[in-house]
Amino acid sequence: MEYTFHWRPVFNRLPDLLEAGLITLEVSALSMVIGIALGLGLALIRMSGNPAIAWFTIGWIEIARNTPALLQLFFFSFGLGAYGIHLTPYMVVLCGMAFNNAGYLAESFRGGFAAIPDTQMKAARSLGMTATQAYLRIIIPQVLRIVYYPMTNQMVWAVLISSLGMLVGFHELAGETQRQAFRSFRLFEFFLVTAVIYYVIVKIIILSSRLIAWRLFRY
Amino acid sequence: MADGGVQFFFEFTERDLLILAEGAKLTLIISSLAIVGGTVLGGLFGWLLSVSGRFGAITLGWVLDIFRSVPPIVQLVLFVNFFPIIGFPVDAAQAGTLVLMMYCSALVAQVARAGIEAVPKTTRWAGRSLGMSYWQDLRYVVLPIGLRAVLPSWTGVALGVLKDSALVSVLKAGELMQVSQEMITRTQQPFLILGIAGLFYFALSFPIARLSEHLERRWKYD
Amino acid sequence: MIEITDLHKSYGRLEVLKGIDLTVHKGEVISIIGASGSGKSTLLYCVNGLESIQGGKIEVDGIDVHAKGTDLNKLRQRLGMVFQQWNAFPHLTALENVALAPRIVKGLSKGDARAVAERRLVHVGLGDKLDVYPGKLSGGQQQRLAIARALAMEPDYMLFDEATSALDPELVGEVLDTMRLLAEEGMTMMVVTHEMGFARDVSDKVAYFDEGRVEEIGPPEQIFGAPHSEKTRRFLAKVR
């Protein structure tokens, strides 16, 4: 084995990597927030059974779930680019991930709604609540608890997926690592450190998700 | 381009469709090897996790957790750069298959463990009380019950690995995603090519999804 | 007064109520008995407008329940309902379960809603469970919680849909006692039940439902003592 490891260039660049890690977190969290809102909307529309827009939601959900996330990102970069719409790398990653998250979360939400017995709705309405009140106060809080665990998984998945930014010129953690690695030619060392950073980010997400759940769900 | 101007980009032809199909074939090979190998390994890991208690959770569980917590694309870059360091250059397709297989096994291990734990203790005791050996109990009681419980999760993992095989394109292995990407640069018809690539992925997922649906339905009624 | 005239209700082609006439006066307790599938529960759902109807009319204090302009949310405040499944809201404590509707439907202040809820929970004997989540309560306690929740809206009528059918036998008594207490306090009640003892002891009137029709209606002494209808006689012989 003739290879000698050089860690110094990596440690010199560590602040840059950590900063890129924050960008990874930011874009993942944002894509989740948008994805949750869109996913909830898709699920509600799909359940409403309006055939005119049902095909649209089904198409979205199926494409998001059944094609590689990378392909979806390419749609937002090259795809839109061909029509003269040039998104910044940040927007490409954010839009692609929000699209992807929404598709997966829509199915989680649909399962969540299906798991709430319809007698809960009846009980709420029998007390004189409007349909909107019943949804906001009774149904959705219970659905959120059911989809909380899948949502945590989706957030972890979002962090892992954001590394595809590297392939569309976005300097989140993986992209920044690639840039620094090519400059210094210490590819292996850089990516090993980055792997550790990803691991820590994922652990922090899971841990905080548990803490929040513990505070939030007392029943 | 008007009036004999220079044609910058090539048209998309039938030959290109064949090239994409070739890429899809490699995607199929890489992902089926990864899924089969990952399922066998993952089943073994899952069983180990279920019997080894705390020690297993700390050692094996931790290693598998790393595979689940680091982006596959980073794992790919690490692997393909690691083997030359220790003197075993691997080609892109081999490295991609290997990484996906490990990644798959880490996910399947979780599923398999859940399947084993889905079988109630009393059911297993019932098996043992009939005089079954440990292995008979595992083969005739735990496997059929556990398999049914986790089939949907396993399907999700398998389809996920198929899609993640697109990441091998970063190693320039010549699978579907990379071929598509190069063709886009050449023809400048991203919607057409990404659409075709998407259809290929749909077509590859379809048999797995249908097989799983079929089994789920058959197992429900007998 | 609840006045039901020639009520028809079907699910698709299946007709479950085939012309029901029934009047419930203020302060009356009326028990509705009959085999499963005879349309008893459906009737209650129709009375508070949770189900649509295909013919006839239901009037609550002169308000037509299924008329176009009727404000159902307003009307339902006067019709408390208790379901067969306990239906407590699992994500809220006992107190929050009861206080929610008075606050968001009636517009009571947080403090007032709390006070009302506390009083009602004490009323049904759950004064020591205010901050407990339903998951930690027994079936009987959850059902009493549901009663308190309905009472907190200060309804003029209470509708009970087989309130004890889903309970373990040893928990039935505490719920029936709560219902008995309400009857003694003069609450107007429509009670769909399989508890013949309760129907006999507490009701002013008992209606026997058979295949979507009122086969016989009368004071409990008549129904349980000397039923006029052969069908009623056969049903009661079977359930005893």
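By letter and in written order, the chains are A, B and C; residue numbering begins at 1 in each of them.
Note that contacts are C-beta pairs under 8 Å (C-beta built on N, C-alpha and C of every residue); 3 or more make two chains touch, one makes a residue touch a chain.
Just so we're clear, the structure is a prediction, and the values are computed from it rather than from any experiment.
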**Q.** Labels of chains that are neighbours to subunit A and to subunit B
**A.** none
Q. For this structure, which two chains have more C-beta pairs in contact than any other pair?
A. A-B
Q) For subunit C, which other chain has the most distant CA centre? A) B
Q: State, to the nearest whole Å, the distance from the C-alpha centre of subunit A to the C-alpha centre of subunit B.
A: 20
Q. When the C-alpha atoms of subunit B and subunit C are each averaged to a single point, how far apart are the two points in Å?
A. 55
Q. Can you give the whole-Å distance between the Cα centres of subunit A and subunit C?
A. 46
Q: Specify, in ascending order, the residues of subunit C that touch 2 or more different other chains.
A: none
Q. Where on subunit A is subunit B touching in the complex?
A. 1, 3, 63, 66-71, 74-75, 78-79, 81-82, 156, 159-164, 166-167, 174, 177-178, 187-188, 191-192, 194-195, 198-199, 202-203
Q: Going by the contact rule at the top, pick out the subunit C residues touching subunit A in the complex.
A: 45, 48, 50, 73-77, 79-81, 83, 85, 87, 89-91, 100-101, 104-106, 133-135, 146, 149-150, 153
**Q.** Residue ranges of subunit A touching subunit C (in the complex, touch as defined)
**A.** 117, 119-120, 122-130, 133, 137-138, 141-142, 145, 217-219
(Q) Going by the contact rule set out above, which residues of subunit B touch subunit A in the complex? (A) 66, 69-75, 77-78, 81-82, 84-87, 159, 163-167, 169-170, 177, 180-181, 184, 188-191, 194, 197-198, 201-202, 205
